[in-house]
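Paired with chain B in one complex and with chain C in the other, chain A is shared by the two complexes that follow.
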Partner chain A sequence: MALKGLHPFISFGLAILVWEAAIRCLAIPAYKFPGPLAVAEAMKELALSGRLLASVVASLFRVTWGFYLAACAAIPLGLVLGIYGSARAFLNPIVQFLRPISPLAWIPVALMWLGIGDRSAIFLIFLSSFFPLLVFTMSAVLGIKVTYIRVGLNFGVTGLKRYTKILLPAIMPDIITGLRITLGTAWLVIVAAEMIAVKSGLGYLIIDGRNSMRMDYVVAAMIVIGIIGLVLDWTVSRLEMLPSVRWIHKRR
Partner chain B sequence: MKKIEVKGLSKSYNERRKKRRSPGDCRYGHGCLVLKDLDFQIEEGSFTCFIGPSGCGKSTLFRIMAGFETPTTGEVLIDGIPVLGPSTRHIFVFQEDGLFPWLTAMENVAIGAKHISDPLEREGEIRDFLDMVGLKGFEDHYPHELSGGMRRRAEVARALIANPEILLMDEPFGALDFITRLQMREEMVNVHQMFDSTILFITHDIDEALQLGDRIIMLSGRPSSIKADISLPFPHPRDLTVGEIASLRKEIYFHIGIHAAL
Partner chain C sequence: MNLINRIGQGIGPGKMALFAAIAWLVTITLLHAWISEPGAKKRRLQVGFLPITCHLTCAVAFDRLSKTGKAFDAHKFSAWPDMIEALKGGDLDVAFILAPIAMAMEDQGFPGKIVLLAHRNGTALVVSKHSGIRSITGLKGATVAIPIRYSCQMLALRRLCRQHGFSIRELNMVELSPPDMPFALASGTIDAYIVGEPYAAKAELEGTGRVLCQMRDAWPGFISSVVFVTKHALKDRRQEVSRLIRAFYQAGKWIEGHRLEAARIAAPFLGLPEPLIRYVLLSSRDRVSYSNLIPMPKELSDLSEEMVKAGLIKRPMVGKEIIDLSWR
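Let's turn to the complex of A and B:
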């Protein structure tokens, strides 16, 4: 179908039309909720002043660091917990206990220890990504088909090769899915973290817009957050198309 | 010469489920005896088929012979030496897909070719084996890009290139369609003639066992024991509808309680 690639554009176009129509029909004043044109104007203003780019860069910087540190810590630890039953018996209860505590609950602790600034925001992103990634990695290891392990043993795949040839490739699809979901969560949390812990970034742009009664800034920032979220997700989803990873989708 | 000796082999599992899996002597908290006092020998270079109903412990027996599991009592000797763990000397071909899905056909077969030290020679060998099982041109395909029959062939190639003394095949063609199964049977007869490996082969299909084996061991019961041990000194190719093998076939069907229309 020629329409195939156009579907998202049609739905977004319709959504904007409905939005504009609702603002006009219900006579909603701009200070309560701005229409699409006002938001486009605000976005242009923010872009031209350089504030939009600065906010995006600040937010991405924190998410990248927090997410990266979480991946570096959670994936190796998840491997250990997945491989060694005794480590799992000791640490898994703690992990499962800490996991449901929202990273937002840590905000006061983060501010007390790390102060207002990047370090607090990065710490909160780290927390939001660390536990899910840890659990994803651990259950990926536990979910490896026993056949693969036996084939490895049978053909004498030993030592480091057991990990590089079997364990890591076997869990790679799950890890990539985990990264994809976790990155989404991290991007959710950054806004909340920036509302409280720092004075820059897209989250701060929203809270600052609210304080100065600029709802058009608030909605503009929301739209940018949505777009970046899409781009981040799409980027990680590309990894799922790697030939050595795609098998998992064929199997299911 | 005796290649494999199974002596007084028993295996019981601890039943951890609350519900009983099947009737019999498997009670919660008790060991569930799957194999009881199995004794048999396998001749070197022979092709032995194991048949028996589902859940009779054929796969368990094979996993023990391969060294993946340990027997509760008794032992398995290969060349007089007890099996203590998995080894490239006895390669297992799995019921389900045993190929690594993250490796291409070529890379999968390479897993079995580690003993060839010269890289050029190794690649040549891998290509020859893939060619032999009819996978020329599919070297760089991933398992999910191959058909079920091709995957089985690649797995057989991976097992054979390792030059194992024993091949343990657990219903390797169970998931294939009928025509492909017949083709694979024919290829197994060739494999048996071309390679020196001692082959042990689980199947549910009596005709498959009659076509392939030098010998059929029939297991059944719970715990499982040998119900029949049939020698098949017939040349290949075999026509199951005439002669001694036809009456043997009738006898086996009769033995498992199926009489009509076969």
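Let's turn to the complex of A and C:
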């Protein structure tokens, strides 16, 4: 029990030791892969110059907007497609057709129409989350237990209340899961989205590190991306503790 | 804590979460607006470049103009296609771009003119130290990286193969972005590459590659990057553009007399290590050259003919028609 809560620190500590040992034993030169100390030094340099904070803020800004816009568009549309069979019959094929196209394939289009800067990056993040969330919402609606609706009818729930009292609460846990997964994807795309001619962000830090042959910057940015990914996931996972979501886990 | 709990109970945890989500959106947006550089104002000229020593005049001109408060907005790109798309989207007025790209864009109907060369020479064919390739003929069957097919590097490689009696089709040619080339060579993925500096010098300094041939020897007066101005900018902002091009031209002249200082100025702007730039500029004076930058119609006509032969454009261009020297 003494280890409680310490497990992650132990495994990260070990990973860093293995990393350092591998660099030393295999005599890997710093230009191929820097050791933990060099990366820590690079991170300190980036933090002190203010570049790290600026990059983190820029990346979070783009991901936030891209992800929020995707959620605002995908969830309502997903509800419509889930509820109305005819809308689904018309639009679902198009959705399924567009869904497997990687956001990266849109880079040329984004650059030409939205230009260099935040808008292109936000658009790519939006694309990465929009389709998965749409499909999540739609299948959540389709997966509602018939029992819930029947019980609702028996209690005389009709009209708009059918949606607010039965549909939304029933799909809420699925939507939260969907949000959690797509936020992960959105954060995953940040490097690619910032490859294209923005002047800031963690993705840009990686590209710029490459161009200026600073592997230590590249690895430092990778680590920061990983840490923020963890924090984002943890934050959204808190949503699963909400009473309106938790019921489904209790039931299971 | 008690108070927060009470508020939380008052509005319910679901609404709390929504409130937190909105608060986050506002916070991060304000932070971004506060920290990031002010958005590109369209008042200044927008110039695109890549972190290569071929674009050194951009770095030096930027430094000099900044001191007089007449600077431009410089956009650093990592790869040619990104810059091409930004140019087509209307985000750039001036671009340091490979001559064949500029000509192909003109061929595709994107209007603009070549106003200046960015440099001469400054390109080398590098082979891996362990490859055992000692001559151009030795490249047969090897994997050779080029920056992009619309490049003078590709045309030069084609010409070298032809001069040595074989076709470029006998090579396994791959397109790779310049910063990746030294890594690919070190890892053995490719056997050779042809690229603008400092990416040839990098492999040389790190001991992973050897220069097989400098373009100054294979193709006297070799041109690669040019300064390309959109027709829009040439028409509407003639004076500003002319002043800027003159600054680039002057910067070239200045670099020739102050190579050491130029390396110091350019390093932070290009984001390249200063010793590497210094090596490129000082190892020999004509490894890359910034004099004689006025493009000659004949050179560009000849280049366009090479491009036709390589299947990059449909018909040759008249050099005079793609050059605009009215800024002089």
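Just so it is clear, the second predicted complex is superposed on the first by the 248 of 252 C-alpha atoms of A that agree within 3 Å, B and C clash if a C-alpha of one lies under 4 Å from a C-alpha of the other, contacts with A are read in each partner's own complex, and residues count from 1 in each chain.
Definition applied: contacts are C-beta pairs under 8 Å (C-beta built on N, C-alpha and C of every residue); 3 or more make two chains touch, one makes a residue touch a chain.
Just so it is clear, the structure is predicted and the values come from calculations on it, not from any experiment.
With chain A as the common reference for superposition, the partners chain B and chain C occupy compatible, non-clashing space.
Counting residues of chain A touched by each partner, chain B versus chain C, the larger count belongs to C.
With both structures placed on the common chain, the touch criterion links A:F155 to chain B but leaves chain C unconnected.
After overlaying the two complexes on the shared chain, residue contacts for A:S128 are found with neither chain B nor chain C.
In the superposition on chain A, contact of A:P243 is made with both chain B and chain C. Once the two complexes are overlaid on the shared chain, A:W113 sits against chain C while remaining clear of chain B.
Judged by the touch definition given at the top, the superposed model places A:T147 against chain B, while chain C stays out of reach. Contacts of A:A54 after superposition on the shared chain: chain C is touched, whereas chain B is not. Residue contacts after overlaying the shared chain place A:T177 against neither chain B nor chain C. For the three-chain overlay built from the shared chain A, the minimum Cα spacing from chain B to chain C equals 12 Å.
Applying the stated touch rule to the two superposed structures, the overlap between the chain B and chain C interfaces on chain A comprises residues 243-244.
Put simply, chain C touches chain A in their complex at residues 13-14, 17, 21, 24-25, 28-29, 31-32, 35-37, 39-40, 51, 75-78, 81-83, 85-86, 88-91, 179-180, 186, 202, 206, 270-273, 276.
If you check the complex, the residues on chain B that touch chain A are 66, 68, 85-88, 91-92, 94, 96-98, 100-103, 111-112, 114, 142-144, 158, 162. Residues 147-148, 150-151, 153-157, 165-166, 169-170, 172, 243-248, 250-251 of chain A are the ones that touch chain B when the two sit in their complex. Looking at the complex, you find that chain A touches chain C at residues 31-32, 53-54, 57-58, 60-61, 64-65, 68, 107-108, 111-117, 195-197, 199-200, 207-208, 210-213, 239, 242-244.
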